[in-house]
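Let me begin by presenting the structure, written as C-alpha cells, before commenting on it.
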Amino acid sequence: MALRAALRIKSALPGLLSQLSSSSSHGRVCASSVFVSQQRKNSTTPKIAVDFDQSTGVAVMRMKSPPVNSLSLDFLTEFCISVEKLEMDKSCRGLIITSSLPNVFSAGLDIMEMYGKSPEHCGEFWKAVQEMWLKLYNSNMVTIAAINGSSPAGGCLMSITCDYRIMVDNPRYRIGLNETQLGIVAPFWFKDTMSNTVGHRTTEMALALGLLYNPAEALKVGLVDQIVPEDKLMTTAEQTMAKWLAIPDHARQITKSMMRKPTLDKLVSKREADIQNFVGFITKDSIQKYLRGYLEMLKKRKA
Amino acid sequence: MALRAALRIKSALPGLLSQLSSSSSHGRVCASSVFVSQQRKNSTTPKIAVDFDQSTGVAVMRMKSPPVNSLSLDFLTEFCISVEKLEMDKSCRGLIITSSLPNVFSAGLDIMEMYGKSPEHCGEFWKAVQEMWLKLYNSNMVTIAAINGSSPAGGCLMSITCDYRIMVDNPRYRIGLNETQLGIVAPFWFKDTMSNTVGHRTTEMALALGLLYNPAEALKVGLVDQIVPEDKLMTTAEQTMAKWLAIPDHARQITKSMMRKPTLDKLVSKREADIQNFVGFITKDSIQKYLRGYLEMLKKRKA
Amino acid sequence: MALRAALRIKSALPGLLSQLSSSSSHGRVCASSVFVSQQRKNSTTPKIAVDFDQSTGVAVMRMKSPPVNSLSLDFLTEFCISVEKLEMDKSCRGLIITSSLPNVFSAGLDIMEMYGKSPEHCGEFWKAVQEMWLKLYNSNMVTIAAINGSSPAGGCLMSITCDYRIMVDNPRYRIGLNETQLGIVAPFWFKDTMSNTVGHRTTEMALALGLLYNPAEALKVGLVDQIVPEDKLMTTAEQTMAKWLAIPDHARQITKSMMRKPTLDKLVSKREADIQNFVGFITKDSIQKYLRGYLEMLKKRKA
C-alpha cells in the first residue's frame, strides 16, 4: 500500500516528475503521504472540509485527501454529496473550491481505480467522474476554483467547470489536461469544457500533446482567469465572489444555463455510451499494459 | 413624462450611473433630454437621419432620438424601415451607423416598453427587436458601427451585428451586454452574436456579470475592432468601408451568409417560441417587481 | 502556354502582385518558370519528392511543381497518392510538408482548372481538392507544415489541415484564404478549418476581405504557430515533430479524431452537393467573365 500511495502521487502527476524528484519539499510530501495514506485506509476521516458562512452565503470546500487529492471513487462520492448538500441549501449562493494540501490542488483521477480493476468497477468509477462534472458544470451556485497547487488532468477538469479560476503564481505549479502523456484520452466532455474555456485550436494542441501549463502560460491561453501570490489567494477569491454575487441570482443562473446547456445535454444524452466507451478502452490489454509499464517505470525511478 | 424620460436615460445605462451623476456634461444631457422627450411625444420628428451618397454607394444612418437613442417600439419600427429601404436599393452597398447625440450611441432597449405593459405589447416590442437583429445580421450591405458614445445592452447588440466596429476612444464610454445587472437576461441570439464576436469564454463571463467595457478593454477582448479619436471616427469609417467595398459584392455576400446563416436560422426557426419566452419572463411579477424596485431606486437617486 | 504559365503565377497570387512586380528575384522566378512550365507539359517529372526516414518514422514531402506549386488536378492526384502511401505504411508516424521552390509554399488552386473548362472537368477537379483536404485533415500521422514561402488560398488550406504550422519569418511572404479577392468563395469546409484554427470572428473578417497576412500577423491571429528564420525551418520542424511523436500514437490519434470528426463528417455527408454547388458557381457566365476580366488585367499588366 505504501508503494501504491507513492505511485499514486507520481502516476497522477507525470508531467511533474522531474520537479517532484528535484524538490526536497515535494520529497517530504511524498514521504509523509505514505503514512497518511496508510492511516487513511482504515479511517473514516472526511476527504473534504466544508465551511459555510451564512452571513455571506459562501461555502469554502477544502480538499484534504493526502497525498495529492486524487479523485478516487471514495473522494468523488464524498465530493458530490458535499456539493449536492450546498446546492440544495438555498442560502448558499457561492462555492470556493481549494486544497488543504501543500503544492497540489488535485492530481486528478486516481489511476489505481482504473488499473487491474473489473469492468464493473471501472464503470462505477467513471459514472462518479461524470457525476462530479455534471454537478459542477451545472451548478446554480457561483463556483470559483482557488488553485493553490498543481492541477493536472481531472484536477484541471474540476477547475474548468467553475465560473472563475484564480491560480497561485508559483512557477512550479502546473495545470492542464495531460491525459495523452499517460496513454489515455480525455473524453468529449472534458474536451468540450476545455474548448468552451480556451477555444478549439488551443484545446486541440493542448489535448494532443497533453500540455501542462505553468500559471503564467495558463493565464495567457485563458485556462485560468487570474494569477495571484499565494497569500492573496483567498481574499482575491472572496472579493471576486462578492462581485459575482452582486448580480441577481435568477439572471446569472439563466445566463449560465444558456451558455452551458448544449454541452451538458451532450453528456446527459450519451452518458451510458460514454461509460461503455471508457470501460472498453481502459480494460483493453494494450491500455492496461501501458499503465503497468508506466507504473513499473515509476517504481524503478523511485528505487 | 419628464420623470420617465429621465429614468429612461438612467435605466438604460445602469453601469454608467456613477459617471452620469459625476459628469456635468452628462448632467446637461439629462436635463435637456426631458424637454426633448416631452416635445417628441406629440411630434413626428424622425428618429433617424439617413444620408445616402450615390457616388460612393454608402449610406450613413444617424440615430437622433433624444435623450439616449433608446430602442423603443417606434424607434425600432423606423429603424427597420430605413434599413429595408437601403437594402432594396441596389446602388446602396454600404451602411455606416452612428449617433447624432453626444456621449451615447444607443442606450439599448427602452425599459418603459417592458415595464407595466400588457403581454401583447411586450410581444410586439420583442418582435421588433428580433426584426432589427435579423435585418442587420443578415444584411447584404457592408455594415459598420461608428460608435461615438456609450452602447450598453441593445446598443451593443446593434453594434455586434455589423461587419466592423470602430469606437471613439473616450475612456468614459462603455459597451457591453449588461442585461443581468438589471435582473433581465440576454436571449440566445444576443449570446450567439456575442460569442461569434468574442468567443465562448469571454461571452460567458461578460453575460454572467453584465460587463461593460471601456473602449480599450473592448478592443482587447475583440468586442470592437478599432478605437480612434473622436475627430477621426467618420473618416476612419469611410476608409474602412472603401476597403470592404473593394471586394466583389457577390463573393463577400456569399461568405457573410455562410458565416452567419446557422446563427440566423436558429432564431428564424424559434422566433415565436422566443417571443413567448420573453413575454413569459418579463411579465412575471418577480421580474416586474425587480424593474419597479430598480426604477424607484433611480428616482430616489435623482431626488 | 508561356502566357498561361505566367498568368498562373500571378492569378494564383493576386495579393502579392505588387511585390512580384517590384522584386527582381521574383521576376526571375517568373521568367524561368515559363520554360519550366513548357518543359513540364510533356514530362512525367514528379511534382512532389518524398523522403522517408525509417529511423525517425518521419517523411518529408517537398512540393516541386514550378513555377508556384499550383494545385492542378495532376498535382493533387500525385499529392493524394503520396499521402495515401505514407498513411498505409505503419512505420511512418509523421509528415512534414514543405516546398522546394523559392519564395512560394503553394499558390493554391490552379485557376486554369476552373476557367473555360467543362462542368465535368470542374467537378473532377473539385473532387480532388476535397480529397486532399480529407486526407490531410483526417491523417493519423502528425502533420507539420513547414511554410517556406507565400501560401495563399489552397496553399493556406493545406497548411491549416496540419497539426502544426511553422512559417519562415520573411516579411514578403503571405498566407491567407484570399478567395474573395478573386471573386470566388471559400466553401464551408475551408471556413470550418479556418474557424477551428483562428476562431469565428477572425475567420469572418479574413474570408470577407480575402486577407493575406505576413508571418508576424499570421502568428498574432494564430494562423501559424511559430515563425523562424529560413535556415532554422527544417530543424525546428524536426524538433517539433519529435515532441509530438513522444506522445503515444493511439492516444494522440483518438484525440485528433475527436477534435476533427464533426468537421470531417460535415463534408463527407455533403460531398456530392458541395461539388454540384462549386460547379454551378464556377461555370456561371458571370463568374467566368469575372475570371476572364481578371486574367486579361494581368495580361495587360504584364505587357
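For clarity, chains are labelled A, B and C in written order, and residue numbers in each chain start from 1.
What we mean here is this: contacts are C-beta pairs under 8 Å (C-beta built on N, C-alpha and C of every residue); 3 or more make two chains touch, one makes a residue touch a chain.
On a predicted model such as this, the values are computed, not experimentally measured, just so you know.
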Regarding the subunit B and subunit C pair, does the interface count as same (over half of residue numbers shared) or different (under half shared)?
different
Superposition rotation for subunit A onto subunit C, Cα-based, multiple of 5°
120
Report, in whole Å, the distance between the mean C-alpha point of subunit B and the mean C-alpha point of subunit C.
41
Interface hub residues of subunit A, defined as touching at least two other chains
199
Would you tell me which residues of subunit C are touching subunit A in their complex?
163-164, 195-199, 222, 225, 243-244, 247-248, 250-252, 254-256, 258-260
Looking at the complex, which residues from subunit B come into contact with subunit A?
179-186, 188, 191, 199-201, 203-205, 207-210, 286, 290
